[in-house]
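Which chain is which? They are A, B and C, in the order written, and residues in each are numbered from 1.
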Amino acid sequence: MEDVVLEKVMEEVKKRLNQNTVDSSKAENAEIKREEKVMVSAVGLTEFVGTAVGDSVGLVIANVDSMLHEKMGIDKRFRSIGILGARTGAGPQIMAADEGVKATNTEIISVELARDTKGGAGHGSLIIFGAEDVSDARRAIEVSLKELNRTFGDVYSCDAGHLELQYTARASYAINKAFGAPVGKAFGLIVGAPAAIGVLMADTAVKTANVEIVSYASPSAGTAHSNEVIISVTGDSGAVRQAVIAAREVGMKVLKAMGQNPVSTTHPYI
Amino acid sequence: MEDVVLEKVMEEVKKRLNQNTVDSSKAENAEIKREEKVMVSAVGLTEFVGTAVGDSVGLVIANVDSMLHEKMGIDKRFRSIGILGARTGAGPQIMAADEGVKATNTEIISVELARDTKGGAGHGSLIIFGAEDVSDARRAIEVSLKELNRTFGDVYSCDAGHLELQYTARASYAINKAFGAPVGKAFGLIVGAPAAIGVLMADTAVKTANVEIVSYASPSAGTAHSNEVIISVTGDSGAVRQAVIAAREVGMKVLKAMGQNPVSTTHPYI
Amino acid sequence: MEDVVLEKVMEEVKKRLNQNTVDSSKAENAEIKREEKVMVSAVGLTEFVGTAVGDSVGLVIANVDSMLHEKMGIDKRFRSIGILGARTGAGPQIMAADEGVKATNTEIISVELARDTKGGAGHGSLIIFGAEDVSDARRAIEVSLKELNRTFGDVYSCDAGHLELQYTARASYAINKAFGAPVGKAFGLIVGAPAAIGVLMADTAVKTANVEIVSYASPSAGTAHSNEVIISVTGDSGAVRQAVIAAREVGMKVLKAMGQNPVSTTHPYI
């Protein structure tokens, strides 16, 4: 008899508890759903290409309206554009777009940083690809969305801040557009938030290996007032990799000393 | 007997569960309380006019201190100012202020955008009205606060972003100040976040009807680095309305394709 | 028998409820852990000095890499730097750094504001101290971290916004660097968020006592697009204090009229 009571009560309790947790699990489900939908066209919207981690979304416009074309300052060669935007992340999207531009007959028109990350310390982003044909724009967005899973691998987040590391043996035009890095050479990106951590990571990186600083950005210059210090480096591919890894290590140590446990957004690749 | 046990347990469980949900209901209660307090002066503070949705607050100063007057760059004609500020929203407040300025003997001194929305992708705002008499300033703020319930109607929010649509058949001086739109003509505002969505909404809007783009803003130009693309349009009132509605439709489709369910903050009016 | 049932059920319920609340208590524990760790060197990282409230972190670099040195625009006199950064707060860190610079043989190289506060309406910060010797830089950071507990005392937060008040009888070089205030004179800082509240606080402050406005900042000028109006004042120490207290009072009244209950981050000191 007690068991019956117990069961009845637990059922009721479960019902109530489920209502309570529905909000957080909704968020998780949304994330899963989003990921499943990558590369799947939304019904009735030919412009939709897909979504990816970081509330990233990829869109194309086959024939941009001429008035908007002019307002956006797009070169007249490009009838079609690819659009890659995200709430969370600029570095991962730039690195992904770099692969997109390598793989297709497109150019990077613009890379804009928003102050976002949904209450975090960093950036969201808006990257526009130009193409003469929409199929090229679509392909560039498809490649970029696919790459995001990898390029979020060395984004480590925790309550107090985040680290971001990126590395490529051969930078292309998206990286060049965003950071002014030389095309065809190895490239590394080092980000620490809060910005104080980024300063130490930058110092560690350049002391570790023979690399050259391409760009230095901080809350009041070169960022959209994000709470980050961001350096990008170039040089011999081995040296760049070594610098990036050393910066990651010291950044981790500081966040851990702050009582934090930074975790990769996906799976580390460097 | 089981029923007695059941009852006892459920009572205890309810008590515990209520404690758990008190935080979220507190937030809701605060919202309700705030809304009830609109147009009700706070005890002992003649400068307080009221509050509204979006953590909006309306204040007046009858006789601005001369030193502050100068630092704020206010025209000497205006002894009195009305102050409309908010954590969430710039478009809704500008549209509301437009009604405030139409209805009273005031002028818009300044419209400033903050990067806010409490972790969202958009703006907060600070709008200053100038008046020769404080009763005019107060009236302008009262009208504006009242309008906010309507002007938040086509603000659709979800976890991944938001859409905002605004429309008026006749723009006045707040809209003119904020966007440079012609006074007396129909005006539409189209906002998508993350910014990628705003690009597609903008393209759809101008392709749908014969409207003219008044302004184009993006994360790195014309916004406070919000994660939005914002266009404003003018033209024949029917065309403007049609453009706005088409933009809303495509924006909704993208957010839904991202696995989101954007909902109106109050009640749609367009 | 009922009691046994009751007990069994309650045990199960407690277990489930505890799982639910574990997330929020984790956050609190992290805060406590962070505070315990202040002034304790992290294992194996000589650059780490400590942490403090607001996700503040203090670091030193004994010998900044020459290439980074140049990119950061640091004067050649300073081999060593102290780094004070935070997710939440700029005023508290500037006031704390002012004590750090008073107490040591260091100089303030730069004060940068990020748009942060983890979804709040204000700033995070990055402050760099220069020193010829790393022991001086370390001491400056130690003093600053210790002061933060006090300087967060008149930071009052609530869901809708925050107030910040600061006062010192004698401003030093950090305050001078950040606000242009005269060194050696009394200094007051008055911040209200959303920005509308800051306008009223500013007006009240300067009407209350015979003080001079040193700086006025708002979302579109002088801030990193935070949703704040910030004024700093100087003058006779009694007058400055009186102005700050009057501003606090009116700010509190507005937030309370908005249905809020702003609470001090630590313990009020003014």
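The rule is short, and it goes like this: a contact is a pair of C-beta atoms (placed from the backbone, for glycine too) under 8 Å apart; a residue touches a chain by one contact, two chains touch by 3 or more.
On a predicted model such as this, the values are computed, not experimentally measured, just so you know.
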Category of the chain touch graph - line, ring, star, complete, other: complete
Same-site or different-site touching of chain B by its copy chain C, using the half cut: different
Between chain B and chain C, centroid-to-centroid distance (C-alpha), Å: 29
Residues of chain C whose C-beta touches two or more other chains: 5, 9, 13, 17, 20, 115, 118-119, 224-225
Chain C residues touching chain A - in the complex, by the definition given at the top: 1, 4-5, 8-9, 12-13, 16-17, 20, 27, 30, 33-34, 37, 42, 44-45, 47-48, 51, 55, 57-59, 61, 64-65, 67-68, 71-72, 81, 83-87, 112-116, 118-119, 124-126, 128, 224-225
Residue numbers on chain C that touch chain B, as the complex places them: 2, 5-6, 9-10, 13-14, 17, 20-21, 115, 118-121, 159-161, 194-197, 199-200, 202-203, 206-207, 212-213, 216, 218-220, 223-229, 231, 250, 253-254, 256-260
